[in-house]
Amino acid sequence: MTLLEAAGLRVTLPGAGEVLRGVDLTLAPGECLAVVGESGAGKSVLARTLLGLTQQDPGARVTAERLSFDGRDVGRLRPRGWRRLRGRDISLVLQDALQSLDPLRTLEAEVGEALAVRGVPRPRRRARVIEALQGAGLPDAESRLGQRPGELSGGMRQRALIASAVVGGARVIIADEPTTALDATTAVQVLALLGRLRDEGAALLLISHDLGAVARVADRIAVLSAGEVVETGPRAALLAAPVHPVTRALLAARPSGAKPGPTVVPGADLISGAGLVRRYRSPGGGTLAAIDGVDVVVRAGETLGVVGESGSGKSTLARLLIGAEAPDGGSRALADPAPRVRLVPQDPLASFDPRHDVARILRHSRRPGAPESAELLARVGLDTAILRRRPAQLSGGQRQRVAIARALAGRPDVLVCDEPVSALDVTTQAGILRLIAELQREEGLGVVFISHDLAVVRMVSDRVAVMRGGRVVETGPTEEVYAAPAHPFTRELIAAAG
Amino acid sequence: MAAVRWLAARLARAVLVVWIVATVVFFALRASGDPLEAILGGPGSQAGPEAVAAAEREYGLDRPLVVQYAVQLGRIATLQLGDSYARRQSVAELIWQQLPSTLVLAVLALALAWVLAVVGAIIATTARGRIGRAVNALLRGVEIAATVMPQFWLGAVLILVFASTLGLLPATSAGSSPAELVLPVVTLAIPIAGFLAQVSRDALLEADRAPFATSARARGAGEPRLLLRHTLRHASLPALALSGWAFGNLLSGAVVVEVLFARPGLGRLLQEAALARDVPVVIGAVSIVAVLYVAVIVVADAAELVVDPRLRGPRPAALRMPDVAVGS
Amino acid sequence: MRARLGWPGIVALILLGVLVVAVIAPGVLAPRDPLAIDPAAAFLPPSAGHPLGTDESGRDVLVRIVHGAAASAGIGVWATALGIGLGLVIGFAAALGPRWLEAALGRIVEVLFALPTLVMALLLVAVLGAGTQSSVLAIGLATAPGYARVLRSRVQGVARSDYVGYARLEGTPAGTVFVRHIVPNTLWPLVATATLGIGQAIVWVSALSFLGLGTPPPSPEWGAMLDAGRVYISYAPWLTLFPGLAIVATATVLTVLGRRLGGAR
Amino acid sequence: SCAAPDAGEDAVTETGGTLVYATGDAEPTCLDPHVGGNYPQALLSTQYLEPLFGRDAEGTIRPWLATDWETSEDGLTWDLTLRDDISFTDGTPFDAEAVKANIEHLQDPNTASSTGYLAVEQIDEIEVVDPAHVRLHLSTPKSALLEALSQPWTAMESPAGIERGQDENCQAPIGTGPFVVDEWVPQQRVELSRNDDYVATNPEADHDGAAHLDGIEWRFIPDAATRQAALASGEVDVIDNPLPSDIVSAEGQGITHIDAPRPASSNRIELNSAQAPFDDIRVREAFVRAADPNPGIESLFLGTAERSYSPLSSMEPLAYADPALFETDADAAAALLDEAGWSERDDDGTRLKDGERLTVRFPVSTDQSTAAEQSLFEQIQENAASVGFDVVLDPVDLSTWYGALGAHEYEAVSAPYTTVGPDVLRILYHSSGTVPAPSGYFANHAMLQLPELDEALDAAASALDPDERAERYTEAQRIVLESYAVLPLYDQQNHFLVKGATGIATLGTVATPTFVNAQLTD
């Protein structure tokens, strides 16, 4: 029995042409289908179309030989009919996790919305919201109910979004890149939750650019390329014997192994923090120490990898290091002369002036002696064609790369990267990692590399700091830590990534 | 405790504003015309010297200006606004008589303006397709025209059509039936509605395109819910910032509307008093307006904080250098 | 450019051209004297000889509208410029300056708000004498606090944004950040409002005429015409209709262009 | 006194009901016309207060509360006989003591009377002979005394009412008229109800006893178009100050028009003869010859106003006109200006003399001049410009207007003045009128200081012989007109439109309407 079925699905979008070119797929209850593919393949458009959202776009044209839900033809459904399906029957975790929660509303209201739409009374709603948040792996869910998205870390927002999609008990759950901002442990937890839901009979459509990540839960895998399903089959078979070149490429480029090249001899201390503390107001009324006594040193010519749980204070530490926020305790010292620090932010879109095009963004950030814009773009694998575009007109991966190019334009002594490759497909990701390593070697850059992806961190860092609950629980040369993790949490992380 | 301190601060703020306003009004009005004429039965009075002297004494106009100013301030401070020069009545009583009528007019007009603006904005965001676009373009035109519609002209047209020609609604206010509120309220509301609609519709469209709106749709939220729970809140932010403006506009508009529709009210009282240089009445009326205004602003500020909790944080450090010099 | 303007933008641009010609060289469009009276030809409805009719003194309405463009546009532009300029200073300073400055400017805004436009006009007339100058000043001062509050709230949003924070972290001087990011991102969205403000300012001046404080006659200023003609609204409606349309058209043209330039869709 | 013709033949009149009157004049600040004293007060107080004398259409004095009078040879003592059957509505009898109390009230500086005060200024002593007889002793002879006492501003109020103090008396003065003030809701209305005990003393009354109406609702509707709309829709029954266009279209709509020009002075422009450039009679004549108001009066007033050539209202039997003096002649005007030395021209066509422009500052009170009148001034401005005058029209509020006059910052001005009788000439053109009152006000805006004019006016004021009086006033008017300091335009316009009522008459004194005979129709 199939729950969701699409045949010959075609979508034409204004300005982008035919984005989906005859996609066929079926989804049965208790089944998980993973859709993978490189950036821009049409995965997100597919997800939105299955919920009838693309159809609402005035310029979009959607046709399908067959589009049915639960045996019902939904191809010709009116907006009203779609609305009844959404949330209760089909739910969606949007890819744009950092911006997909209404900044003015509390977590409770946002996550509980699918229930509220159906008139579930408030007290019952609250219990289910807490349950869903806990299920999505958000710690102290109850105390966070009153918080708003701006007060949450990137990963927390993503988990809240997932919770908002599963809380309604939909029969079909479509998750678009649900773990990009999550550390390995949490990602495992989230995938486990999805797996559980599948086991309870829900149909799951999991979208990702990361074949490996979805391999855990997927029953079947479909590979999407340029709007077409180029390969599909059961997980084991497809992973074992990939046929299509795209599939092979996606599998081959997965990061693995230690940092290549000789061990670097670290230079002078550029930034050092001792006993850093940063507290935020917590919703309950007290304060929460996002950073709680951290000692950290950034040295020239060395990459410090920062890994850790989502919400453990990685971004906060980055903000303290670059001086965007003042610590509430501890001290911070800079080398003399002060090093130039540049940041690759976790949410690049928000860090671009929406009125400026890429050319202007790069020009403003460029310091004398830095490469020309064209060269900068080439380094991050982008074409000069995007120079005239504004940030909103870029895909998620492109934005992230422009943010890296912008940081490089400042010829920094220290580069702080907060999840710089989370939105990139593995091929592009590999290129960026290579670039960072190269720069460091050639120019003696000090790099702080924040990521939830242990494999990625291992590939670029010389030293690694493992964070949990605002503290550095373990630190040391990367290979030593990976080989013999001292702290149980580190062991747990490595096991989860395994 | 915190609430008391907050309230005290706001109160002090209102007092300060009233004081400045009273000072400006007092000196400017006294510099520009002679209140004696108002006292002595209107301009052109040919009162004899004894009458002039008597009036000067009675109203303390023979004393130095600074003393008169101090007296006036003292009166405001003790909430006894003194006696009108022109009307033989206490200012407090006069204002008390006229205020309700203006408030009713203003509140109804503001409510209507908001309803019209929101409806316009909703149509703008929900209209789709070819017809939707045409409706939208038309609506925009109507909004612009409404915004630049002079109230005295609009009111005259409405009177001509609905009172003179059709005889459907009364042109003037005899203080008897609710029907007589219709034309004044509409006249006052339309230009404000046009402006509010323009502002809130832009914000609404912007919010409507944001990812969180898509996300809410994916959760099954219908357009009404999306509007009420999500986008309208975002759209209301610029509108809230404008509420002080709208209120000021309402009161200025009330002057015109009250004269046109022969309604009693603070606006008309203020106009007459200002033209007659009836200083105590002008100061009294303007002070009340100032207090009301400060109240509106306080409410709007508070509402802004309620709607947008992001504003509760510390002030932006945009023009402060980062704590650690990292640039150079 | 054409793609961004669209056909409404092109129509607006053409009309703006006509307006500019009327402002700079009204004689080109209407070679007759806007003040020439002819009581015998008073109250003539629109006809071939007088396309928009004649007024109570037999002056040609079309000629007057064309010749009044300069005065009216001037009033609108200057009053709005004054309002926005003041609003800018107050709004920016209040949003970005130290707390005491914000408090002080906040009080100024409140005082300006608390003085109804009419009272403000009266006070200014008292100080400067009646006429266009006082009207412009009064309208400018009356609209400034509105702009100031909108700007303040917008500036606060922009100043809190990540991109401004990022620019500061790059070591961009405060002044540059202000010019580069804060001003464009707060001002451009205001363009549409401001263009609308020009029409509103003209209308405000006419409201002052209604209350007996406007531009002195027989200047063909649109607001004054609108008010003067109102008396004859049932007898000779063209006297108010056409100046009113001129104001609406001007406001529409400017708003349409403003929106296109401001980046609003 | 102009009775309204009956409205429509099939209209049914009824007794009772409340008539709604909407005035465009300002709302009085005190309902007691002794205080201050302006036309809005006169309009309203005519309904509840009555003067000692009336006047008919021919300008003849008629008895009202006083039935008879006698003057001494020297004109300094006046004996008045009063009606003995009248009481104020509070029950206080009307008698000689009441007359004394009223005149003293007018003369009391604390009353702050300006118009009424002028009327009784010369009364030195009021002698109560017996309840029905009062004797007035004057400081100087005053031929206009009876006219002065016929004004609404000197009407009789209950002494007990006056005793209550000004604050209370202003709210509801107590008189002997056909109606009683019930309530005054500021900025909205004054409610009047019928005086059931009314004794018909009013010379216009066509029946004995009380008025037909139950009462009058007196409303304030400042905007003319709104007022007209209210009349058309039946919200009100009577309006004043209608627009000329509305008067013209009234006929076809079953609306009755009452044209009752005000007495005393005409509406005119006065030229300030005390300062340049109008200190030269040739320049004044040039202005008058160039102004050419006739076509404008015709087109702007649509036939509802007639050009005047006299300083007095056409309602005044003694009015003297001389159209020949005012014939338009632009060439003659130009020649006069050349002759007076204003021969050079500026770039804009304005004449120059010794580098001075021929500028005429003309402050216009927007409260006192109607839209049509302001348009007429604009036309005069344009006509005068064609011979080289630069007329600067400055529409201002009343307070600013008086300020400009008080500071002599004007060369031309239009200032209406309403009273009863030709004595207005003395107020307006006697040289004593150039001396400002303590409030800064002066009535002689033309600043005429001509000994022969003063002499004629003084003689007329004390002349007890009607013929001599008439002759002296004619002479005075001739001098005024020939001085070219005055450009008469038309009578002070005073129109009423009525829909749904009959029997409305206007008094022969200051043309205020009385509703003593009025009845509603349906």
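First chain written, first letter: the chains are A, B, C and D, and each begins at residue 1.
The rule is short, and it goes like this: a residue touches a chain if its C-beta (ideal position, glycine included) is under 8 Å from a C-beta of that chain, and two chains touch if they have at least 3 such contacts.
None of the values given here were measured: they were computed from a predicted structure.
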When A-C and B-D are ranked by contacting C-beta pairs, first place goes to B-D
Suppose each chain is reduced to the average of its Cα coordinates; what separation in Å results between subunit A and subunit C? 48
Provide the C-alpha centroid distance between subunit B and subunit D, rounded to the nearest whole angstrom. 40
Subunit A and subunit D: spacing of chain centres that average the CA atoms, whole Å: 87
Expressed in whole Å, how far the mean CA point of subunit C lies from that of subunit D is 43
Residues of subunit C that touch at least two other chains are 122, 125, 165, 169-172, 212, 230, 233-234
Please output the residue numbers of subunit A that touch at least 2 other chains, ranges allowed. 322-324, 340-341
Quick check: what residues of subunit D touch more than one other chain, meaning two or more? 225, 228, 367, 397, 400
Let me know each pair of chains that touch one another. A-B, A-C, B-C, B-D, C-D
As the complex stands, subunit C meets subunit B at residues 8, 95-96, 99, 106-107, 109-111, 113-119, 122-123, 125-127, 142, 145-146, 149-150, 152-154, 156, 158-160, 164-165, 168-172, 174, 177-178, 182, 189, 192-193, 196, 199-200, 202-203, 206-207, 210-212, 223, 226-227, 230, 233-234, 240, 244, 247-248, 251-252, 255, 264-265
Provide the residue numbers of subunit B that touch subunit D in the complex, in ascending order. 32-34, 36-55, 86-89, 94, 97-98, 156, 159-160, 163-164, 167, 170-175, 258-265, 268-269, 272, 275-277
Using the touch definition up top, name the residues of subunit D that touch subunit C in the complex. 224-225, 228, 243, 245-246, 249, 295-296, 298-300, 366-367, 371-372, 374-375, 378-379, 381-383, 392-397, 400
In the complex, subunit C touches subunit A at residues 161-163, 165-167, 169-172, 180-181, 184-185, 188, 263
Listed in rising order, subunit A residues that touch subunit C in their complex are 322-324, 340-343, 345, 347, 350-355, 364-365, 410
